[in-house]
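Two complexes are shown next, each including subunit A; its partner changes from subunit B in the first to subunit C in the second.
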Partner chain A sequence: MADSASQSRSRDLDKLLLRSGNLVGPTFEPGTELRDALNEFVRVLVIGAGGLGCELLKDLAFSGFRNLEVIDMDRIEVTNLNRQFLFRLGDVGKPKAEVAAKRVMERVSGVDIKPHFCRIEDKPISFYNDFHIIVLGLDSVEARSYINSVACSFLEYDSDDNPREESIKPMVDGGTEGFKGHARIIMPGVTPCFECTIWLFPPQVKFPLCTLAETPRTAAHCIEYAHLIKWDEAHSGKTFDPDDPEHMQWVYSEAVKRAELFGIPGVTYSLTQGVVKNIIPAIASTNAIISAACALETLKVVSGCSKTLTNYLTYNGVEGLHTKVTEFVRDKDCLVCGPGVLIELETSVTLKKFIDLLEDHPKLLLTRVSVTYRGKNLYMQAPPVLEEMTRSNLDLPLFELVSKTPRDIVHVTGAAGKGDTKQSCSRKLRVVFKGMDVDMAGGA
Partner chain B sequence: MAEPKVKYDRQLRIWGEQGQAALEKASICLLNCGSTGSETLKNLVLGGVGSITVVDGSKVEVGDLGNNFMVDESSVGQSKAEFVCAFLQELNDAVKAKFIEEHPVELIETNPSFFSQFTLVIATQLVEDSMVKLDRICREANIILIFARSYGLMGLVRISVKEHTVIESKPDHFLDDLRLNDPWPELQRFVETIDLNTTDAVAHKHTPYIIILVKVAEEWANTHDGKLPSTREEKKHFKDLIKSKMIMRDEENYREAMEASYKVFSPQGIGPNLQKIINDSCTEVDSNSSDFWVMVAALKEFIANEGGGETPLEGSIPDMTSSTELYINLQKTYQAKAEADFRDMEERVKNLLKKISRDPASISKANIKSFCKNARKIAVCRYRLVEDEFNSPAQPELQKYLIDEDHGTLQEANSLKVLPENTAAGLYILLRAADRFAANYNKFPGQFDGEMDEDISRLKTTVVGLLNDLGCNGSTLSEDLIKEMCRYGASELHAVAAFVGGVASQEVIKLITRQFIPMSGTFIFNGIDHKSQLLLL
Partner chain C sequence: MIKLFKVKEKQREQAENENGKPPVKKQSAGELRLHKDISELNLPKTCSISFPNGKDNLMNFEVTIRPDEGYYTGGTFTFSFSISPMYPHEAPKVKCKTKVYHPNIDLEGNVCLNILREDWKPVLNINTIIYGLYHLFTEPNHEDPLNHDAAAVLRDNPKMFESNVRRAMHGGYVGQTYFTRCM
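Let's turn to the complex of A and B:
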């Protein structure tokens, strides 16, 4: 029964990409052109080369994508080896992105994976616009939020406030914890963005300081006392480093002393690490499940070869096996994926004044603001060389800097929020100059 | 810390050293190492299972390079089992890995005793006929069996074992065992030493909610003929009563007490799941009974006698606003009662063991203790023989899955009822129809290009015949879904294989560690829109 198809590397994928079907996406055009387009033109960015990232790179490489890039700031640790299957003991200490990319390229020929060993914030915003789709394999809310704000900043709306199709940067996001996980598709402007449903990720509960200081009851209270209070008392000025085993050992022994003092059981070294580093338990199987769902959705979003997930999948294997698809809805007033915050300005307002204004704007509360207009840097906080180059713009009227365009989109990046909760973000602003546009109300 | 302990740190936080030890003792056999099988095993090798045996008689083809990470160009034309096994060994040298170059289907036919040496068998990409035969073999030998299958955008995972019992089911949410509405004498005495009307503001705001709730529940009962609140109105009044005891607005402990008031109202005694277990005929223990059932028999006696309708006390309390001293003393009160209950249980277990002529010390204290702590959460999972499911699926369930009212109404086509699309159930029928098709035509529907139209019409006929045999006379599935199945042409897509393999390996871990609850029924992965489903047939 051997035929030519079985001699092809894309034997299995071809069934899906070359054959027509009725349960497919509206744009699906089966054929070798589609397969070749996936192979040659589609560029996919994977964020994170950890538990999900390793699986994602493999799954995407086998789903017809050959132009992949991966970004991760971490180095390989021994505790990764129970699930991050691209890494070996001898790789410990090396950058995850580089080793992961190399291993997948070694085994799947024809695939090109470009690694980026850096923080996601280190890349210019334009870097992210270079990809057709972004797949997120992250374990932090802050990083998801940042990438989401970047992808949403590319979104443009037409005069009727409908998103422009070609400006939509799709994202596929996965996350796991123990036996549970989620996968979702974010089509900015169409389906809810990460920020629209931020309530799905409730903030981590912290112990009140008075409990730690006065009425400890659990082992975790003793550990946090040693970590948050005792450390600073004993080491004036020295910052606690959770990755320094001596520091961890110190916190552990202080926690043990405190627990003994109060008769509280249960302080162990392992628990100390868990509490201090907020370790989320992680296993290979759940990461495999969630990554596979993300890779499959990436293939479907790009090729249209089947329906897609609308729009949020949860998986729970704790008691039996439960999967659930939920269709969340957009927050109409979302600051991140909406048409942008409207800012009305006098034509005389300087760039400096504009930046100050954003700090006080009740919806934005942005500090350390950098400003770009149509890809051009108007003012950059960093690196120093760019700061110096753009500094002279600060005293010029913004109206001049945008070539006297009466109304347009200006992108800003900076830190949002107050006090401890500040985080990097990107925001889109609809700047309108007063008195310059007769049809001003129309775009508001 | 030793290196393996560090390596497994993130999973030890889930299943502990006991779970890890069980994994390291397990001997696992994989049948067929295509991408579904390879991915399943990969997740288990990373986690550190004891030994693996890869059984596959096929040679690596070029097509395999497009979906299996464990083979590469150098392996084309050579034993797939050998190359997959070598790659898996590279992932974790603590695992004993070996391979057997033989076709699983032949092994099932010619050497059924082969399977008895394993803890668990993972059978991937087997067709119905081989599944049924292997299932009988493993059931006979009491070997845990799990099937995994990827087919186009769909997949199937099914556990088969006569009985799997779980003590540490570790549910996410479970009512704390606090006995607030029925305090035992020591707790009652402890509560009586505290005065809620104290004028000491610091003491007042550091009284743990357990004490507040026991006192308020007692007060309520005294004014309501000994009854607890049951209606919504009464529950609200109960909360108001708690609120009335506050002397300042910022008393976190009273706020916690109001939030936790449902712990007073929830029904006393044992829940329906546990009731079913203690009513099971296996509690009539004899010398062949497992340790689990001996302990359940002891539990049944305990509940009927000294337990007064309750299980042994769990013995732990959640964190709550409190002074350290009161909290620790409260904790000790709960632990002491749990310890006393454990000793009663231990006595009953010993007597039962004597009665069935077994060594009274053959069940360790640690095991009895763990059983007592988890008594309310124990679980028993039983699985039908695959053959029984295939030949006589539970009729009401099958009808319910296939004729899902949410998905539209029945339509007529060529005098056949077209079953509305509950896609997962439809895919289940289609996978079975595909196997029947393969048995008849020696190929899967749509396996080869250029024969699609003929295959679609043949598959349609097969579906109608199969549904007839399953008791759904005169029914068929939608044209779209039948065509979709032909489009898949028995392809094994990597992402689907990784999903299905991930599910299978997660279930294997639950089965081997005897922690958490494995899935029941037959899991159908629906890769079209992810509306997957567990079919209880």
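Let's turn to the complex of A and C:
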């Protein structure tokens, strides 16, 4: 009885995992072993338990993944209930991650979901290395950029600048804005990382301050006036906190006054929240479609049961339906996912000598060099005030300056090239000290 | 990839046995870009930069401008810059710390400069912004007012505007507002 139930439960999945086919990935080995591994071995981290996150947890649980964890710092609000279908009225005020995990576990037997009610930055980097794949259901460029840099930090390159397969931390990223959405696969070192294609997310358009102050024309102008100008006037020194309902209420009531003064209609509390937090109304169906694509890609990456998306899918349901896959390419000089230039040094080499070496290095030809290491500015060639503060480092061995780390990443900026074709640039260097490490290749 | 995952599992167990040291936090792409911008600064002699939090915190700094032409000649104006980890995707936040009688800077220090908001693009940099700020002092304009009264005076009575600016910079009242000396 139990057997036939579990068979029927994995019936659709079995069609993908137990049979070979023409579209399978190169390393695909169909069989029950694969299905069991998916169930028992593979650990998936879902980031975000909002509109997209709820869908993702449900989809992944139904796709045979049993070891899931979810991280989200938000609590449930009334306005979430229309689309974040795992939550009920009685859940308002509770952490999203905890309620979402509980609801999916109640409905899908055998699934274990561990919730984390915290910021993504609160977790140590090693936390993220424990997962085989990371699925992102986020609405912020900043959070994506952070997770991307964490996942890329696990990447290692061999001495021929090829990524080491076993160091690749795959990510599947979904995003929605109203009727539009995207799903993409990031295999650091193989497909473009988030930072390689940051231009896909253009900077948010902001209203000129003088328009807000002098010639408001829309409800949004009135709200931004209250938020950006009036707040500072009334609360000298106190920072506005968008998550504090009292602050938001104050901005709303000031915006209403402003709108009355100029005869502008349309200021509401929810519009105020939307403008201040830059929220575009979410559509439940867009979340469902994007999540389905992400869950399927996660299954494909992990199992190899089909070739994956290459590598960026866009969906647009504004008028009819338009969907398209674009293959973006990596930025080979990307500071986050690129291999960087391998430099081998004696431990006695001073920072000054190191800088001189970069000028002659055939791959760099770098002049006017400044050096930074893990947030410490070892040498700044400009402005004069920083040059003076860092000059004394020039005579110290680089090995000492990097706390005697046998191999690590150092970033430099300077002018590359010769003569009139000099171009300013930033470069990532994989510095390896000779005789200090058996493995000479260095990590990313 | 499952096979690969299993290989990785083994390796990680070994690595953890070898050294339990957790990896250190990385610099964000924004910090690296800012590092590049700062290391390439090429400021006119009327502008200077300082780092109140030391050489390793470039995300917050101050720029001081001493205009050598125009209405504001002889004054000293300090701006605070606060840079987000998402720089240059997001523009720096700039405020004028010196209270100034200026059509495009309000009494709270908000600055109306197009490249700080509606015209910001990631190809712009810190140098561009500093030049833009310097420009505000040599050519204040009444068309983008943040200080409504100052803008109206500049438009209707430039002579009076000039004397108001002098009075404010020497420390004194313009209308109801007191300005501290910044000469």
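Definition applied: the second predicted complex is superposed on the first by the 307 of 444 C-alpha atoms of A that agree within 3 Å, B and C clash if a C-alpha of one lies under 4 Å from a C-alpha of the other, contacts with A are read in each partner's own complex, and residues count from 1 in each chain.
Keep this in mind: contacts are C-beta pairs under 8 Å (C-beta built on N, C-alpha and C of every residue); 3 or more make two chains touch, one makes a residue touch a chain.
As the structure is a prediction and not an experimental result, all values here were calculated from the model.
Student: Is A:V336 in contact with subunit B, with subunit C, with both, or with neither (first, second, both, neither)?
Tutor: second
Student: Just to be sure I read the superposition right, which of the two partners does A:M389 touch: subunit B = first, subunit C = second, or both, or neither?
Tutor: Only subunit C; A:M389 stays clear of subunit B.
Student: Please work out whether A:F179 is in contact with subunit B alone, subunit C alone, both, or neither, and reply first, second, both or neither.
Tutor: First partner only, subunit B.
Student: Looking at A:L366 after the superposition, I want to know if it touches subunit B, subunit C, both of them or none. Which is it: first, second, both, neither?
Tutor: neither
Student: Quick check on the superposed pair: does A:V402 touch subunit B, subunit C, both, or neither? Answer first, second, both or neither.
Tutor: After superposition on chain A, A:V402 lies in contact with neither partner.
Student: In the overlaid three-chain picture, which partner chain does A:I147 touch, first (subunit B) or second (subunit C), both, or neither?
Tutor: Touch partners of A:I147: none, neither subunit B nor subunit C.
Student: Hey, which residues of subunit C end up touching subunit A in the complex?
Tutor: So the residues of subunit C touching subunit A come out as 1-8, 11-12, 22-33, 35-36, 38-43, 48-51, 54-56, 58, 84-86, 89-91, 104, 106, 108-112, 114, 117-118, 120-122, 144-146, 148.
Student: Going by the contact rule set out above, which residues of subunit B touch subunit A in the complex?
Tutor: Within the complex, subunit B touches subunit A at residues 1, 3, 6-14, 39, 42-44, 46-48, 61-63, 65-67, 69, 72-73, 90-91, 152-153, 169-172, 206, 319-324, 327-328, 443, 446-449, 452, 479-481, 483-484, 487-489, 491-499, 501-503, 505-507, 509-510, 516-520, 523, 527-532, 534.
Student: Which of the residues in subunit A come into contact with subunit B in the complex?
Tutor: It comes out as residues 1, 3, 5-13, 15-16, 19-23, 55, 58-59, 62-63, 78-79, 81-83, 85, 88, 106-109, 178-179, 183, 211, 215-218, 262-264, 269-270, 273-274, 279, 281-289, 291-293, 295-296, 299, 306-310, 313, 317-321, 323, 325.
Student: Touching residues of subunit A toward subunit C in the complex: what are they?
Tutor: 27, 29, 34, 37-38, 41-42, 124-126, 129, 132, 141-142, 145-146, 149-150, 153, 165-167, 170, 195, 198-199, 201, 203-210, 213-214, 228-229, 232-233, 301-304, 335-336, 370, 372, 374-377, 380-383, 385-386, 389-390, 411, 413-414, 424-426
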